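Two complexes, one shared chain (subunit A), two partners (subunit B, subunit C).
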Partner chain A sequence: MSALWAGVRRSLLMKLRYPDFWFAYLAWPVIFPAAYLLTAGALAQGGHGFAGYRADIVSGTLMWMWVNVTCWSVGGALRQEQTGGTLESNWSSPAARWALLTGPALTDIGLSLAGMVLGALECTLLFGVRWAAPWPVAAAVAVASVPWVLGVGLVLAAMVFWAKDVSVMVNLVRGLFMVACGITCPLAVLPGWLQRVGGALPMTYALDAMRGGPWGTDLVRLLGFDVGLAALGALLFAGVEASVRRRGALGTY
Partner chain B sequence: MAVVAAAFGRDRRIFFRYRLQILRIVLDPLVWFAPLYFLGRAFGGGPFRDYTSFALLGVAVTSYIGTVMWGIGFSLKQDMDTGVLEANWLSPASPSLQLLGRVVWSLVLGTAESLLSLGLAGVVYGLQGQWQALPRALAYIGPMLVALYGFGLGFAGLVLVVRQANTITDAGQFILSTLSGQSMPVGDLPRGLAALAMALPTTYGLDALRTLVLGGAPLLPLPVEQRLLAIMAAALAAAGAAVFWAVERHVRRAGTLALH
Partner chain C sequence: MAPVEVSDLSKRFGTRVAVDHISFSAEAGEVFGLLGPNGAGKSTTVRMLCGLLLPTSGVARIAGHDVARHPVAARRRLGAVLGGERSLYWKLTGREYLLYFAALYGLRGADARRRAGDLLARFRLDDRADELVERYSTGMKQRLALARSMLADPAVLLLDEPTAGLDPVSARLLRDEVRAVAAEGRTVLLTTHYMEEADELCQRVAFVTGGRIVALDAPGALKRRLGGGAVCRVELAGWRPDLSLPGEAVAIGEGRWELRVPVSDPAAELPALVAQAAQAGAAVLRCESVEPTLEDVFVAVAGQALRA
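The block that comes next holds the complex of A and B.
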């Protein structure tokens, strides 16, 4: 537990050390949805239906940002340690490796989730967004999404060990969520084959619940993804990490 | 010349060493264009004659913003993290020339990315236009790129000062792309943002390209846009270089080059 806490503390210290911390968590979650809102406004030209559509865009873009930040922070932190030359020494210490990884990961997931909640509040005030889902449902979706988001992060961390690169892996994973989950439009707008791909991704159900879909069914599906992705992430990471250690490749990048 | 070539060769070698990067370059345009494409479809194309082509040209031109910010500014941060920045800059080779080599590589990579995004996304999503007008558009794109890379030098200076580049690079790229009219006409932006947009070289470069290839009325008469772009190119190249040199002198004197 002390290693986990040390990981959380180190991650927080490093984040607060840089001046862009506040911008990342206060301004960026408004700027990103705002760009798509402006584009949708230009396309709608004041037409009917745009007012109700705002919440769809904000929920989609914020949820995607959360996954994106987690992908970068979990995989990116490992990559940074690889290139900074501290990975091998830290991971050769007696501290539990799962704690070294999940400490910073949970810090990032928590901070970015808080940033997204703040972003949703800011968008509500600035753009008059009217949410389809009541706030307890939105909160339940957020809580139920933590394990699968962490699972995605762990899968990426495993890929960083394997491929010795983070940007490509993050782009592939976040790209899949961006294209197939309908972050800026209802799923029905996507072609049939892409809807089927979206149906295999947890973010689709999180967005469906946030957009006024059958939240009970969506939450049950999210819990299924939680178990599956968290287990897959943990297993994959443990396997790849063991293999990298055996080959003595922990310090190479 | 040898320093520029060496820096260019180093960045090229690093890029091809991680071969999966090529996959990223192929997929990126398809992925980043998807939300705009589906947004356009959700509104039936809105008032645009051909929103897909309009937005695709926007993505292709503004991809240079990302190339400049990630390729120049963020790469300095990577040098800081790996601990080679100070060693490289203490060598007799001028840091400015090392950066110039990086700029040239970034320009080559950016052009490849931009053409690929037009070609690949054009095939997947459908792109139309009067492509015989493309050579004329180079008279606008050329000075736009000089201005953009001038800005990139100044941005590299900023990275040396704040020593963290992830969010400012990511958000900066997105804000500049949006303000340049990547996915909507600049006239549809709120008035304050439209005024900011009119101060960006990418707004005019993109507007001229769209006017020549897709037709329609430009924001300003094209000869005026060309003159503005030439002025911006000279001003931003000079300002960017001045900022970079000033910051470089400052961090050397303060002894903070190795800190990150």
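The block that comes next holds the complex of A and C.
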């Protein structure tokens, strides 16, 4: 555990030493949903039927931003270590691999979660958003989303070892969540085939709970995704890491 | 049991053999050098010892622990400097960097702070300990990497090209540190292609070429293998492989070659060698007879190995 928290602390210190961090941290959670809010407002011709829809847009876009950051947190940290040249010094220590991987990722997850809470507050004040889900439900959804996001992160991290630069694949995953989970619209308005894709993605259920859906059922589904994706990510990463150590490609980028 | 034991270790990448059934051991307090040109298999060997690379066959043990079967136990007894200054986090201070790695080695709280402080003082970094690493000189960065490798009080230190890129003064300071580390009873396994450095530091060296150890002994003993203790160096223009001159020819740039020939009687053999080169059609630019260096031995041994 000390290795895990050392990774969290190290990653946080390094992030805070780049001055543009605070701009991105404070401004983007408003800028990104605002673009959708303003478009939707215009399409609704001045507000007919739009008021109740604001919370759906803000929860969708904020959730997507969070997934966007955190699904790449493990792979991104690994890629940074690879290209920076620090991977081998970490990997030659006796610390557990999972701690080395998830320490920096937890920094991203925690920071971005706090950023999303801040963004929700900012949007409430600026755009008069009225939230459908009570805050304990939103908090439960956020907590239940950490393991599955880490699972997706481990899958992408395994791909970093395998293919090195996976930015195209990362953007595809982000795009899939963006389109198929209904981040700016209810799932019901999507084409049938896309609804089926959305039904296979955990973020759909996280959003459903945040938008006043049956949160008990949604949380159970999220827990199922947690177990499945975390196990898949851990197994895939362990397999690829062993393969990379056989091939001698651990530090290559 | 020796702190470093390598037995019949091999690494194959597809059809390419990077390390070919090498065996050696290194004792406590010994600086053991793995010498060879780029691509000889030195770094591959070191990475197998660190557990960063799985061997195709054979066994490597650190402090009695098989690095493939018990990697965590082996790494606890091992410090490694790989990749030089690139292995550092430039946006941390020297102290923060050591504290981070102290946690990876299981040191916590006051113990970690004390250990980091001691190492910063030992490696003369204490006055800059709270500055970002990006402001350090290359020599300071390399000393910080060495300090990091000492955090767990390791029995074995693996140093991969530790003085690469350092100015002569910094390199000398680092070599002094390596000697001091070995004097504490630690085993230092050093890879380098700087023959003078190995000659100065190592009690024993292994010459590696083509993934194989072609010679292993103390530097003095290896030099004595050359014969009577002298090497004739004849600088030539117009050397070609078909001239059938003795010794090994090494390209030294601008179309010039240096012929290195171990001899037992330099006073008699040097003039004969010059005459033979001139007769073969090469222009003799300079000639001398010198004490053999480790590089002379390596050139001779590696040349024999390549011809075999």
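Here is the rule we go by: the second predicted complex is superposed on the first by the 250 of 253 C-alpha atoms of A that agree within 3 Å, B and C clash if a C-alpha of one lies under 4 Å from a C-alpha of the other, contacts with A are read in each partner's own complex, and residues count from 1 in each chain.
One rule holds for everything that comes next: a residue touches a chain if its C-beta (ideal position, glycine included) is under 8 Å from a C-beta of that chain, and two chains touch if they have at least 3 such contacts.
On a predicted model such as this, the values are computed, not experimentally measured, just so you know.
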item	value
Contacts of A:Ser92 with subunit B and subunit C, given as first, second, both or neither	second
Partner chain in contact with A:Ala163 - subunit B first, subunit C second, else both or neither	first
First, second, both or neither for A:Thr217, with subunit B first and subunit C second	neither
Partner chain in contact with A:Tyr36 - subunit B first, subunit C second, else both or neither	first
Which of subunit B and subunit C A:Trp72 touches, first, second, both or neither	first
Which partner reaches more residues of subunit A (counting touched residues only), subunit B or subunit C	B
Partner chain(s) touched by A:Val179 [first = subunit B, second = subunit C, both, neither]	first
Interface residues of subunit A shared between complexes with subunit B and subunit C	18, 84-85
Complex contact set, residues of subunit B against subunit A	18, 20-21, 23-24, 27-28, 30-32, 34-36, 38-43, 45-48, 51, 78, 81-83, 162-164, 166-168, 170-171, 174-175, 178, 183-185, 188-190
Subunit A to subunit C touching residues, read off their complex	2-3, 5-7, 9-10, 13-14, 17-18, 84-86, 88-95, 100, 242, 245-248, 250-251
Interface residues, subunit A side, partner subunit B - complex	18-20, 23-24, 27-28, 31-32, 35-36, 38-45, 47, 53, 57, 72, 80, 83-85, 163-165, 167-169, 171-172, 174-175, 178-179, 182-186, 189-190
Footprint of subunit A on subunit C - complex, ascending	11, 13, 18, 44, 47, 50-54, 72-73, 75-76, 78, 80, 82-83, 86-89, 91-92, 96, 99-106, 108, 132, 145, 148, 152
